[in-house]
Amino acid sequence: MTRRAFLAASALLSAGALLAPMNAQQPPASAGPMDSRLTEDLVAAYRILAQHEVVDGFGHVSVRHDRSPNRFVMSRSLAPESVTAGDLIEIDLDGNAVDARGRALYSERFIHAEIYRARPDVRAVVHAHTSSLIPYGVTGVPLRPVYHMASFIGDGVPVFDIRKAFGMTDMLVSDAVKGRALAQALSARTCVLMRGHGVVVVGPSIPIAVGRSIYLDMNAQIQTQAMTLSGGKVTYLDPEEARKMMDAGENRGYERPWELWIERLRMQIR
Amino acid sequence: MTRRAFLAASALLSAGALLAPMNAQQPPASAGPMDSRLTEDLVAAYRILAQHEVVDGFGHVSVRHDRSPNRFVMSRSLAPESVTAGDLIEIDLDGNAVDARGRALYSERFIHAEIYRARPDVRAVVHAHTSSLIPYGVTGVPLRPVYHMASFIGDGVPVFDIRKAFGMTDMLVSDAVKGRALAQALSARTCVLMRGHGVVVVGPSIPIAVGRSIYLDMNAQIQTQAMTLSGGKVTYLDPEEARKMMDAGENRGYERPWELWIERLRMQIR
Amino acid sequence: MTRRAFLAASALLSAGALLAPMNAQQPPASAGPMDSRLTEDLVAAYRILAQHEVVDGFGHVSVRHDRSPNRFVMSRSLAPESVTAGDLIEIDLDGNAVDARGRALYSERFIHAEIYRARPDVRAVVHAHTSSLIPYGVTGVPLRPVYHMASFIGDGVPVFDIRKAFGMTDMLVSDAVKGRALAQALSARTCVLMRGHGVVVVGPSIPIAVGRSIYLDMNAQIQTQAMTLSGGKVTYLDPEEARKMMDAGENRGYERPWELWIERLRMQIR
Amino acid sequence: MTRRAFLAASALLSAGALLAPMNAQQPPASAGPMDSRLTEDLVAAYRILAQHEVVDGFGHVSVRHDRSPNRFVMSRSLAPESVTAGDLIEIDLDGNAVDARGRALYSERFIHAEIYRARPDVRAVVHAHTSSLIPYGVTGVPLRPVYHMASFIGDGVPVFDIRKAFGMTDMLVSDAVKGRALAQALSARTCVLMRGHGVVVVGPSIPIAVGRSIYLDMNAQIQTQAMTLSGGKVTYLDPEEARKMMDAGENRGYERPWELWIERLRMQIR
């Protein structure tokens, strides 16, 4: 490159950098400030999931924006236990941040974006690598409701194997196409296992998505014990029993434990 | 409905609302204030059971009123870890609160009511979804005493399957008829498993019901390990050994650990 | 009984009560104050064993008195986690307290007494109901050293079944005859399992008996995992490897972890 | 020995003692002060590994000196949870301390020395007795990546059996010859199991070696569950999937959890 060409290129790059906000690459418009209760609940959700070891240094939870069905909010790329309100970022259904201000985004935000697009009923999404659940994604053993607290999986839990549609990958759902395939595997269910990776749990509210994530973990732990104990001869909830439990209010909307979990955060009890 | 009929109905409804306390729907009379030691022990029991993970955000414990065998006391609908003396409510054997003051009751209070009715010797009842116990309710593998601390199950642990008497349900024991069936399954034993749901443990005092709940959990954990290790070839306590242990004072009435558990509450140690 | 006979009997009882200290029932003489370092270590041992869940509300540890081989010291009947120096009681090898001052003794102090009598090399004894160990006492599966930290069981772990010598009992080793039988089962080993009950671990010092108790628990947990994983095909330490490890200083006398455990007590870290 | 010879010998010994620093036994020269960030990270590593129960009272971690590839730094012989900057000692690749000042060294420092010698790419080494890993060293069951967080073992985990090359030993890698054999077994991998002993994990940085140690533990726990659940029929990561995950940045260099672990140390949260 000649010196002249080099300077021209430099100028272009600088201009590009300066003009970026006004470009085609322009970020989406904000839906405005989210309801403050949702913000509080979302921060609490990150911390509650970490305290229950549903997530560890990885994993994330999001909520659909109350002012626009085409926006959702989640943390910048950060360990769940550390998330505060200042870390939350508004994102559109293509995975673009409204105002990232240089903060890194979770590469798997497309899990959330595509589920919000496919499932209008969903208002909260959890993605985790919960250790009790991994075995049910890699063994062909179906995860089933072993007690009434897990009535939300009465219809079964599908397994998404990224290899089937995408061959050899780095296992991550880091673009819209893979997010869409995962959302299809989820279909109308409450959760979907990801082979060799983790789980996605959804719900009509933050407390319900969080409560389901915690009791799904508990159910997996119990089912593993029950199967080991009996050589696999386990009486699960009948799908109709599960349905009746769901109709009766699915663990009362997790209101009782949610209050407890919030209280524990207030007490700084880990 | 004519406008006149509507107004008449409205008046009736209003009057009904206003007169409710003086109605046939009138709450039962109180047996008077409960012994303060029982109140302290009951609040402690909720917290001790939570600290031992015998209960989580769900589950409850009650005590029979010392002034009337037809009254018992338990918390309003609340997570066990959060219960204080102000949350306690006196209830009669039909499940009616003496003075609920708008507070929600546990829907499964009928478990307690019907056991107090059927078992004059019982003074404390615990209901829990303890995870180690669920497998023994859904596999047909009998829970048996693997060590001397569990001598109180020397005569075996029955399993209550709500489906057998009531068909497809929401799994909850939320009325007197179901409570009675559960009490019948319990019979004269110290505890009864509930298929796909949890357990009920009873005792002649709060420390004994709590101690049994904690060591029943421990026994289940150990039995699962022993069965896994040996392919099921386990030497359990002989029923006569269990009886002799019971005659010798059943873990000395759990006095030693009860003191410890109370001390931990005082130290705010979780 | 006539009134006269009653009064005579009362007088006798009173006199007996008053004269008790000067009787044949007179307590044994004290060996004098124990080395203060041993007292500190013994209190620490109770708390360290509780923090590691080797003991719970039950279980005890003792040390042989440094001034007399015929005396040992342990807590009054109390949960291990609560023991302080003021709770320690000097006891002779017949299980009699030097100065109980009305405090209740552990009914199983005969475990300690008879082992100190039979094993002059032993200076500390732990009795516990450690949950990982119970399965190895009730299944016939031998507990063996799965890694170098458990070289002290290279010669195997005997199982004491109280039923074999004593038939149907309350399972407790609560007199000298049963204590002696247990000591015989222990023989020259470092520990002995008790069927349906627990374990006894001994050592030439408090840190070594405590260290062995903690790593015996760890070894059992690991062995159970290894056997489950492999269907029982496990390569254990060769007895000669175990012997060489013992000769090399058996985990350096547990000095490194003992310092850590003491430091944690100081930090009030549980 | 004559009196004269004795005095001569004494003089020699005294002189030898006084002159020791200038002798053939002279300690190696220091590479100078290590980068302060590495010192902070190394102290943090000890504590993070202890908090995750990857190490207990035993185990150690080291870092290669940033000023010389022939020096590394680790703690004096001390429980990991207690290590501070003042406990760190510079050591050469023959296992000699630069300035021990009478402090005891870890007898197994040769593990570290010989790996740093054999593997120029390695900048941090962890040695631990992690309980979940022991079974994979004694059963012949291969440890394999059950989820994407363990892509660093996509090429498998070798097992070093000290008995094969050295016959009956005390199991410890306490000299250079044994260290070299272990380094050979490690070869170009990220970790190596030690039969009946533990594991060594290496990495190009402290956070990566620590992160791998933590997720290797997690992977082993999950794999054991998966194998138990399914009778061994588990779908592992395909080696190519693992490679792609490694190429994509191996858990983003563990930056996200590392920040969290450091934050927890700051909060004094255990």
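Chains here go by letter, A, B, C and D, matching the order in which they are written, and residues are numbered from 1 within each.
Methods note: contacts are C-beta pairs under 8 Å (C-beta built on N, C-alpha and C of every residue); 3 or more make two chains touch, one makes a residue touch a chain.
Bear in mind the structure is a predicted one, so any value in this text is a computation, not a measurement.
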Proportion of interface numbers common to chain C and chain D (over half same, under half different): different
Centroid distance [mean C-alpha coordinates] between chain B and chain A, Å: 36
Between chain D and chain B, distance of the C-alpha-averaged centres to the nearest whole Å: 51
Residues within chain B bordering two or more other chains: 228
Contact graph of the chains (line, ring, star, complete, other): ring
Residue ranges of chain C in contact with chain B within the complex: 56-58, 77-79, 81-82, 129, 131-132, 134-136, 138-141, 163, 168-172, 195-198, 224, 227-228, 270
Of chain C, residues touching chain D in the complex: 145-149, 151, 218, 221-222, 225-226, 228-230, 233-238, 240-241, 244-245, 247-248, 251, 254, 256-261, 263-264, 269
